[in-house]
Structures are given as structure tokens and as C-alpha cells.
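The same subunit A turns up in both complexes below, where it pairs with subunit B and then with subunit C.
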Partner chain A sequence: MYNEFFDREKLKYCYQCGKCSSGCDINRIDVSFQPHRLLHLISIGAADNLMEDAGLWKCTTCFTCSERCPQGIKVTEILWIARTIAVKAGHIPELLITQKDILLRTGRLIPMDNKKRGKAGLTAIQEESSVVARIFEIVEKEK
Partner chain B sequence: MRYAFYLGCATPVKALKYEISTRNLAKILGIELVDIPEFSCCGFPVKSMDSFAALLMAARNLAIAEEKGMDIIGVCTGCMAILSEAKEYLEDEKLRDKVNEKLKAIGAKEYTGRVKVKHFARFLYEDYRLDRIRDKIVTPLASLEFGIHYGCHYMKPTHAHGHFDDPSNPFTIDGLINITGAKTINYPNKNLCCGLTIMGTAEDISFRLAAEKLEYLSSRGVDAMVVACPSCCIAYENNQKLVGKRVGKEFNLPVLYFTQVIGLAMGLSEKDLGFEFNRIKADKITEKFK
Partner chain C sequence: MKIGIYLCTCEGEIEKVIDIDSLVKEASGWSGITDVHKDAFLCSEDGIRKIRKDVESSGLERVLIAACSPFFKMEEFSDLGLNKYLVERVNIREQCSRAHRNDPENATKKTKAMLRIFLEKAKYSQPLQPLQLPSLRSALVIGGGVAGINASIDIAETGNEVFLIEKNPFLGGKVAGFHKYFPRMCPPSCGLELMFSKIKSNPNVHVLTSSEIDTISGSPCNFEIFIKTSPRHIDMDKCVLCGKCLEVCPHNAIVYPEGFSYPCIPAINKGLCAVDCNKCVAVCPVDAIDLDEEGKATNIKVGAIVLATGWEPFDPTPLAEFGYGRLENVVTNIEFEKISKEKKISFEEPKKVAFIQCVGSRDERHLPYCSDVCCMVSIKQALFLKEVNPDNEVYIFYNDIRTPGEYEELYQKARRRGTIFIKGIPSELKQDEPQKINFSVFDTVAGKRLDITTDMVVLATGIKPSQGTIDLKEKIGIVLNKNNFVESHIQCYPQDTQRNAVFSAGCCRAPMDVSRSIESAGAAAIKTLQFFNNCTEITPDNPAVNILKCDVCKRCIEECPFKAYSFDEKGFPKSDIMKCRRCGVCMGGCPLAAISLGGLSIEQLSVMLDVFDRSYLGEDEPLILGFLCKNDAYRAVDDAALKGITYPPNFFGIMVPCAGAVNGAIIAKAISTGIDGVLIAGCPDNQCHYIHGSTLAKARLTDISNKLKEMYLEPERVRFISIGRDDPEKFADSIEEYVEELKKMGRNPLRL
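The block that comes next holds the complex of A and B.
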């Protein structure tokens, strides 16, 4: 399903200038995180090497790399897609398992706390609890 | 002025001061924010799991507002980025048809592309406009100085947000705060990410990112950091002690929402602006402008 979002043609325009990595604040703190390396591996069809790479989950999705890419490549978007591929291959961070579970049950990332809202003088909000579950059901049916 | 109010997941549980101050500010500005119970999560947290499912969630929310004939105003930068991105993707007719087919299958409305999506700060800057805000200022905040933290998803990706602000030199929220009479500083790490999105997967990097900005703004002696997103506020306010501990520092920097600052200048009470929920007390500010 990720193919819709994956502009493979555009990826060919990457000439490994490294601007994405040099302007990345995560790279500044942890040099092992290098967006340009990620693009390289994906473009040569070696994305499998990335699946267990903890680096995939170090990106904050701040979009600085995408904004600065001289070739107009949506670097952040590609990293995001790499994550979904990793997840599909079973490499799921603990956090995501918990989050998905909450989303499927409540339709929200953070379950509603209407008692707390009431105390603050805010009206109660009903959860659209089954929406996410229904969406996942229909998406997963296609696979 | 009637808008579908997109609260998102974090604000109504984790950022009550943001919700309270936004509702009360909108009220005195004559902006009607309509609650839409059918809205669900925007799709952002799902994007790392399944990008198509995330798109469906965003599209469903967009379609609900469309059907009600209202544009969307939101308060979370993450939600606004995901909904705006979805709008951009769904300009592709083939993809839109496919999405609509799925929406139909779950009994949701069709998305046609009419609805507009704006963060409340962007709406105030672009549509409500500064001069009308200035007219409503009763207590100029002349002696205050703030450091604004915009939040990456407030204006990025710029193509999805229609390039309304400059990611390397953002100005819209500065504009809103300056109109209250308060000063805002330009500072070296103004555009740094809060790091909250990786708190659960790379905590150390996340905390170090947050620490950099807290350290700098503390050293500059600003009265507070001003934010426009519940996630950024969690990173800088809720986590402030933890972050300080990680880098061996003790921070005491109040973090205010832009709605609290503007509301203060409009004479709204501390209670109407949710100041009781500020974890790092901003008494120095509120006492001055009661």
C-alpha cells in the first residue's frame, strides 16, 4: 500500500550531497543517524538492511531535511514509509504496539478523561471508539 | 465566523489550559468554534504503522467537516500537518476515488476537497488579522519578553501548508504576540524540534533536544516560552524536570500557550485562560497583568 506515497522516480535524483544529514539535529546529537544513507540504501534496493536499524525510530519527522533537499525529495516521507515497511516485516517498537492497541480500542491516541474535563469546567467528549478499528480492518483485508 | 473545532487527541486530555484559553479567546473575538463529536484521531500516530490507514483517518475527518459545511480550525500542529498533507495527497483524483471507496465501505462521508484546514494561530494571523486583534487589546503586555517555539508541523511540510510561514525564519506567531505589546526574541535554536515524537523510541535524544532550547531560553532570561502545540508543551513543560535531570540542570521556565498570552492582553481572567493548569507557575506574569 505504501507504493502510492513512494515517489521512486524522484529518489533517483538524490546525488548523495548529504545536505539532509548535515542539517539534521538528530544527526548532530547521534551521528549514526544519517538520512542520506537511508536514501542510498532504499534507492539501491537494499531497504532490508534498514528494517532492524534503530535509526528508523530516531527521526522526529521535523521535515527540515525535506525542506532543504536541493532535489526536492521528500526525505521525511521516505523515512516514514521505511517505517511502515519495517512494521509490516514485524520490526515494531514496543511503543507502537501499545499505541495501536489504544487506538483500536478508543479511536484516540490518548483515551478521554471526562472526569478531569468536568472538574475543569469542560464538557464531556464521547469517543468515536470504533473508527480506527474499522479502518484497520478494511486496510488489512486487502493484503 | 463558524468553524469545525478540531481538538485532536492530546489537547482535551493533556492540555486543558490550551483548550480553555482557546475557547475563551475565540469567544471574545467572535469566532464560533463548533465541537464535532464524530471527529477521531487525525491519523498521525498511525502513519508509522500504515500510511494508507493514516490517510483514510485524515480523509474521514476532512469529509465530516465538509459535509457540515465548515472549514477546520485546530490547535495541534501535528493534526494540522497530517490533515493538510492528506488534502494535498487527495488532489490526486485516482487516490481520492480509492479513498472514497474505502470511506464508503466504513459508512463515512465522501471527501471532495472543498474543506480548508488551519491552525488557530494561522487563522488569527491570516484571516482574523492583526489589526482586529489590536483593537481588542485592553492590557498591553509591554514589559514582557518571550521566546516563541513554533513546532515543526506548524508550518512544515511547507508545500502541504501552502507556504504560509517561513520554516527558517517563522514570523506569524511572533506577529500575534508582538501585537499584545510583548517582545519576542530571535534566538539561535528557535527552529529546533521539541523531540516529543521520539520520546518513546529514542528517549535520550528526545530529552537532549528539549534541553537545548530550555537551556538557551533560560540563559536569555525570557519571561516564558510560548508554544502552539500540546506535544511541544509536554516536551518543554510536563517533562521539564526530567529533561533537566538528564543534563544535570534545574530549569524553571514557564511555558505558555499563545492563546494564554493573547487572552491576558485582552483582559481575560487567569481562570478563563487555564493558568491553574500551568505546571511551571507563571505568577510573575499573571500577577503583573491581573
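The block that comes next holds the complex of A and C.
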């Protein structure tokens, strides 16, 4: 399935030096997230369970891995594409669904509490749901 | 002209397919034919004797041997009593009787056509005589490292003169600066001292240190080299090595030799001196110092050249994440050699040292290749640390440990002594406290993250070609590959350089350890000696340019794979008889067909086409004229016969040195005089024995296609195929296909 989305040829260059995992800030905190392991699984075609892997969503796209890879493999991009594939297959973390709803509704990822803002002496922030709807309209048309 | 034709039946085999008797009868009637004979065993002593007798008694001027492929029985047919260029081999066995064994009638017709064509070719052959062109029996070895030193010794010890030129004031190259070298962990003084004593004691070796090449001209057997030597400022005959100059020099301008160095005399780098210092001059007890000494220019003449320009270490500064140059105690493996040799740091008080492999190597952004030695170097250095004090903690962070052959023992030893090998490369090095380096690395085998703090990190950096090697591209015109190492191209001839009489040794060709460098130096020395020995007589069959036709478009100069062309006194291109490898790419590319090889001329090909019977198979059968390259395609077509593969007799093959030797004018003539198809068969890509002859042949077809379209002829009539030496099936299949397609296209309308 991954073949449709990106060229697996470049992945074959990976000789598992592990620099991506070494430099990954997420791996430092959560050792189960190992970019080099994910690349290896995708490369050998054993990544079917990857879509359900929560680890896919932990990447912060800091690009340290892609910067340091001696074979110029775009690790970040590959994980990003893996996320797209996962979403298309219906696997997406709960938190992101919530965020998507908030985005569509308010135009922001974090809900704004205008009451609290008023108490702190800040101006109220508008909900921009109409603008967001318009953006999605245009995106649909472009498709 | 008196011509003799000899048809062999190969003990009756050929006769089973081809009607030799009828051909004998017919050929006897051709004009100019003095003798036509059939023989069962032409290559036998009797057979040869018969031919020699005829040559003498009948005064034969040309001889046609219609028998097996010209690649068989070469020795037997080499001395028939006349110049070998006047003997024409006609391949009626492999490429006729065997190839068309299922079609005797047409095989016989094809044989007749073959005899006619090669008869005409023979009439225009020239009796080329070899010229006496002995080589100067002297060699220039460029580079005084371990490879250059050994090449010089090997050449000198077989009685030939050697000029060894080295840009530094001392011989020994990088190895002289090492602490030890593997696998036996010897100090370089041991090995090098023995080598230096051989050089010292051999009057055939002339060492020029502090010297560089200015220009190189001339050609193989006779190169002229201009050399610039920088002044040493210290008289080599007077200096007694008291060391007083070194003591007083305030600017570190004096390079002092070690005990084993050669020449064992210091050198002064005047560029570092202060103005009017002269402290060394004042203190020298034997007046050996002359700060005003000027450089010298010399020129030498040599027959052959050996490149041994070595390597330079990769600078890991661009890999900023490793902090080289920024963090304390992050050093390269070369620097570690110096540190351990000069005992700058005492490893007797236990330290923690981490080695990081492949820094900048196997990296598409820096050195994409593997530098061969770095794994062994780190293991060597790890073993040193463990030997000085087993409490030294050593980590090696690797991608793959590469210790081939018996070097595996040293890898095991390093493990046994407690070196910890971790498969995983750290992403960055930090310095959270002074004098210490810390980093976090993911151990890919354990699946765990390790946080490490060490006293030192050694970056195992690789080997890259030296600037000296790159400079030679301009000076000698050698070819460098995509990584800037000397291109030897053919895996069977690793010490060759695509330039006659120029050989390579050591790391300028590829990263290698000391042992391999010395071996490669021996190989280069042998090749040099072979060159000297084989150079006595050279036949002038190299291409000649017809200056009446030539308009100096310079295409031959540009396309020659061996850069063998230069301008003569009249301003016309001329091929150097020694540099040329007789591929004929120039002959094939000349837009005015003004170039001909000594053994195969445009005129010959033209008259061969004149007498080619375009209807030898009858009016309805299409004919394909094939030009087969002698290295791969022709051999593959011969092999088809050996494997019992048959193909249609519509195909008629002519051997050419290279597919690139086929000139568009000949192809145009073939088609415009009615030949239905022309096939050019060359080596597969990347395997052309003449580097790009095959590629050029393919590319030139675009021009030819256009010409055919202008003539309202189908461009598919002319095609190029790559035939590997082991591809006879591919050849036979493509001929079957080709004949079918030509039948569909119909006869060439220009066939009369």
C-alpha cells in the first residue's frame, strides 16, 4: 500500500545506523518510538500493523532525523505519509478527532474561553467557523 | 595482383554444409587469383607448409584463409611468409557453416559473397612494418608514500631507472606519521626503514623531495617532465643533525626528521620565518644553513609514469553535530594516532574513549563510499588503549564492522579485551561539563537508549583523494572517477589508468590499507616493466588523418577515449602512435570520413560495399550487413556457433575494433546502394573496452536516422544492439526479428 504514496526505492538505502532514533527528542522520552525501526518495517514490507501504532502520531516533525540521515532519507516525510495512510484506513487518535472538530467549529485548535479572557482584561476572540467552512469549500473544489 | 585463396574443410566438417568444391571452381575464374586450394586441415604443419611454398614459388602478394574464426589458430597462421597484414581471415566456419548448418544452399551462397568481399579488402591492405620505438627504461613515480616507495624499489631492483618525486621534504607519506599500523601493529619506523635502506643503496633510484610537477609533455616511451623543487635551506652534505637549529627557532619553521626518516636532514619552511631572524644560521656549527637558497627547476625524460599520490583525511567539520573543532577532546582517528604516538595524553590513568564510525563516510552528502580501513583503525586504537591499561573503557559505535579475512581475529581480540561494540550512531555530541563529552545514543540491537559520558570521542573519518591526484587531471590528462579516485575502469586491470604507460598504485586509486598499497605498487611496477619490454617494436596501424579532407573540426580530438590526439606542426590532428589504442572511434566519428585505421581503412570498407552481392540470397530475401565489435559482439556471434545456435544467412558480419569505429558515411553508402539493413553491435553499456565507443555508436544513430528520413527510407533499417560476450541467444533472436521486420518493410527501393 505504501508504494502508491511514495518511492520505496530511497528507503532501501537505509543501513540502520540509528542516527534518527538517537537524535529523536520523542525517543528520548518514550523509547518505544523508534523511527529507524518504523523505516525498516516499511522497507521490508512488514508494516501492516503500523497503521494502528500510536507511535506514528508522536513525531513532532522537528526534522532532526532527516537533517542527520547519511543517506538523505526524508524520515519525517515518510512518517507523515504513514499517518495519511493510517487516516485513510480509519486509524486516527481520539485527540486528533477532537482537535479536528474544534478546528472546524472555531478555526482554532484550542477552544477559547472568552469569559476568562474578559476577567483577565483581554478582548474577546471571535469564533471563525464561517471562514473555516469557506476554506474547506475551496479545498473541496480544488480536489 | 597475385592472390591465393585457401579453403579449409576443417576435416570435412565445413564441407558438410558448404559446397567447397564448387567455390574452388568458381574462385579460380576470378581475376587476379593465382591459386585456389581446398584443404582438410589447413592449420596443420603440412597445411601451413603448403601455403608457405605457394607464397614463395608463385610470389603471392595476398592470401585469403577461408576457415575458422580469426580468433582461432592465430599462431598457426601468423607466419605464412608474407606480412601478416596481407593475410585475410574469412570466417566460413563459425559465422557460416556452423551458423547456417540447417541451410547448406544459402550458406554456400553466403560464403561466395564473403570471399568476394574479403578478396577486395585484401587488395587494399598495406604491408605495415613495425617501427623500432624502444622506450626509455626509466619511470617517474609521483608520490613518496608507502605505495610510491615500493613501486620505486620494485622498478629499480629489476635494473631500471626511477625518479621518485615527493612534495614534502621527507618520504614516508601518511604512514610515517602513524603510531602503529595493522595487522601486526608494527611501528612505521620498522617497515619504512627497511624500504628507505633499499632506496639508499640502489643507485637506480633518484629521490626528489620538496618537489612538484610543473608540466608533463611527450608521449609513452618518451615523456618530458618539468619539475619544480623548493629549497630545503639546509645543505644535505654538511648537516650533522645536532638539533641546535630546532632549539633556537622561535617560529616553528624547522621540520625535523625522526630517526628513520629519509632524507634524514631537517628542512626550513621559510614562509614561517621572521624577517632577519637568522638564529638558526648563527647557531649551526657546520654552516649548513642558507636561507637565501633558491628553488630549482629540472627536467627529466622517462618512459612510463606511476601515480602514487595517495590520500587526505576527511575533515569532519561540516558534520556540525559532532562538534569537531568546537568541543574539546573530539578528535579524528588520524589525530588519535599522533596523540598516542607522541604520548600527548597518558592513557595509563584510565579514560573513557568512544569511537564513532563512518563519520562522513557511506554518506551521500560527503564521501558516499566506504573507506575500507576505518573499522580496523578503530580496532587497532582500541587494542592500544586496552594494552596501555585494561581499565581504559572503550566503546565503538558502528554501522557495520568490516574486518575481512584474517582481520576478523583482531575484531574478536578487541571484543575479548572488553571493547564494547554498539550498533547505533549518536545524533549529536554535547559538552555539558569541561573536558567531558556526553551524548545520547539509541542502541538499535538492544532497543534501548544509552546516555554516555566520555573523556574523548574519536571520529573515525575516511580517506579522500589527495589534491595531488586531482591536480594530475590537468597535468597528465588522466581520468578520475566520480569520487575523484584514479579511474582504472576495467576490474581486470586495476593498476591501469586508461592512458598508456601511466599506472597507479595505492590510495590514489581507492582507499586501501598498507598491505594492499604495497601489493598494488608491485602490480604497477610489473606493468611498467612489461611496458618497457613490449615497447621495442610498434606497428604504425594507428589512425591516419587525410589532411586533404580534414577541416579541423576537432571531433577526433574530443572523442578519443584515450586523449591520443594532438595538433601536428601543420595544425592538423594527429594520433600519437603510443597513446592510441586503435579503437577507431575517431574513424567512426569523423564527419568527413577523413580518418582511417592502419589495418582497416574507409576506402577498404567502401570497396567492400562495392563488390558486395546484394542479391546473394536471391531477389526476395533482405540482407543485413553487420558491424561487430571485436571484443564482445563478434565473439558472441562466434559463440552462437559453438552453442549450436543458428540464425538466418541474411546476416553478414564484418569485424570492427569497436562499434564506435563505424562511420556514418559507410552506413549511408550501404543503405543507399541497396543493402536492406545495417546492424551495429557493440559491448553493453559500461563494458565497452574503449570506454565510450559503444555509447557513441548508439548516439550517432540519431544523425543517421535523420539522414535516412531525408532519403525517404525507414530509419529502422539501421539499428544498434548491445551484445555481451555471453549473449549469443540475444543476437540470434534479434537477427530473426530483424529479418522479419525487413521483410515487412519490403526490399530497399535502392537495390538495383
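As a convention for this text, the second predicted complex is superposed on the first by the 97 of 143 C-alpha atoms of A that agree within 3 Å, B and C clash if a C-alpha of one lies under 4 Å from a C-alpha of the other, contacts with A are read in each partner's own complex, and residues count from 1 in each chain.
Definition applied: a contact is a pair of C-beta atoms (placed from the backbone, for glycine too) under 8 Å apart; a residue touches a chain by one contact, two chains touch by 3 or more.
The structure presented is a predicted model; accordingly, all values stated were derived computationally and were not measured.
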| item | value |
| --- | --- |
| Contacts of A:R83 with subunit B and subunit C, given as first, second, both or neither | first |
| First (subunit B), second (subunit C), both or neither touched by A:S21 | second |
| First, second, both or neither for A:P70, with subunit B first and subunit C second | second |
| Partner chain(s) touched by A:Q34 [first = subunit B, second = subunit C, both, neither] | second |
| Which of subunit B and subunit C A:K10 touches, first, second, both or neither | neither |
| Subunit B versus subunit C as contact partner of A:H91, first or second or both or neither | neither |
| Touched subunit A residues, subunit B compared with subunit C | B |
| Overlap of subunit C and subunit B interfaces on subunit A (superposed complexes) | 64 |
| Subunit A-touching residues of subunit B, taken from the complex the two chains share | 7, 9-10, 12-14, 16, 19-20, 35, 37-41, 44-53, 56-57, 60, 89, 95, 102, 105-106, 152-153, 156-158, 167-168, 191-198, 200-202, 205-206, 208-209, 274, 277 |
| Subunit A to subunit B touching residues, read off their complex | 1-2, 4-5, 25-26, 29-30, 54, 57-64, 66-67, 74, 76, 80-81, 83-84, 87, 92-93, 95-96, 99-100, 103, 107-113, 116-117, 120-123, 125-126, 128, 131-132, 134-136, 138-139 |
| List of subunit A residues in touch with subunit C within their complex | 13, 15-24, 27-28, 31, 34, 36-37, 64, 68, 70-72 |
| Interface residues, subunit C side, partner subunit A - complex | 321, 358, 362-365, 399-400, 423-428, 440-444, 447-449 |
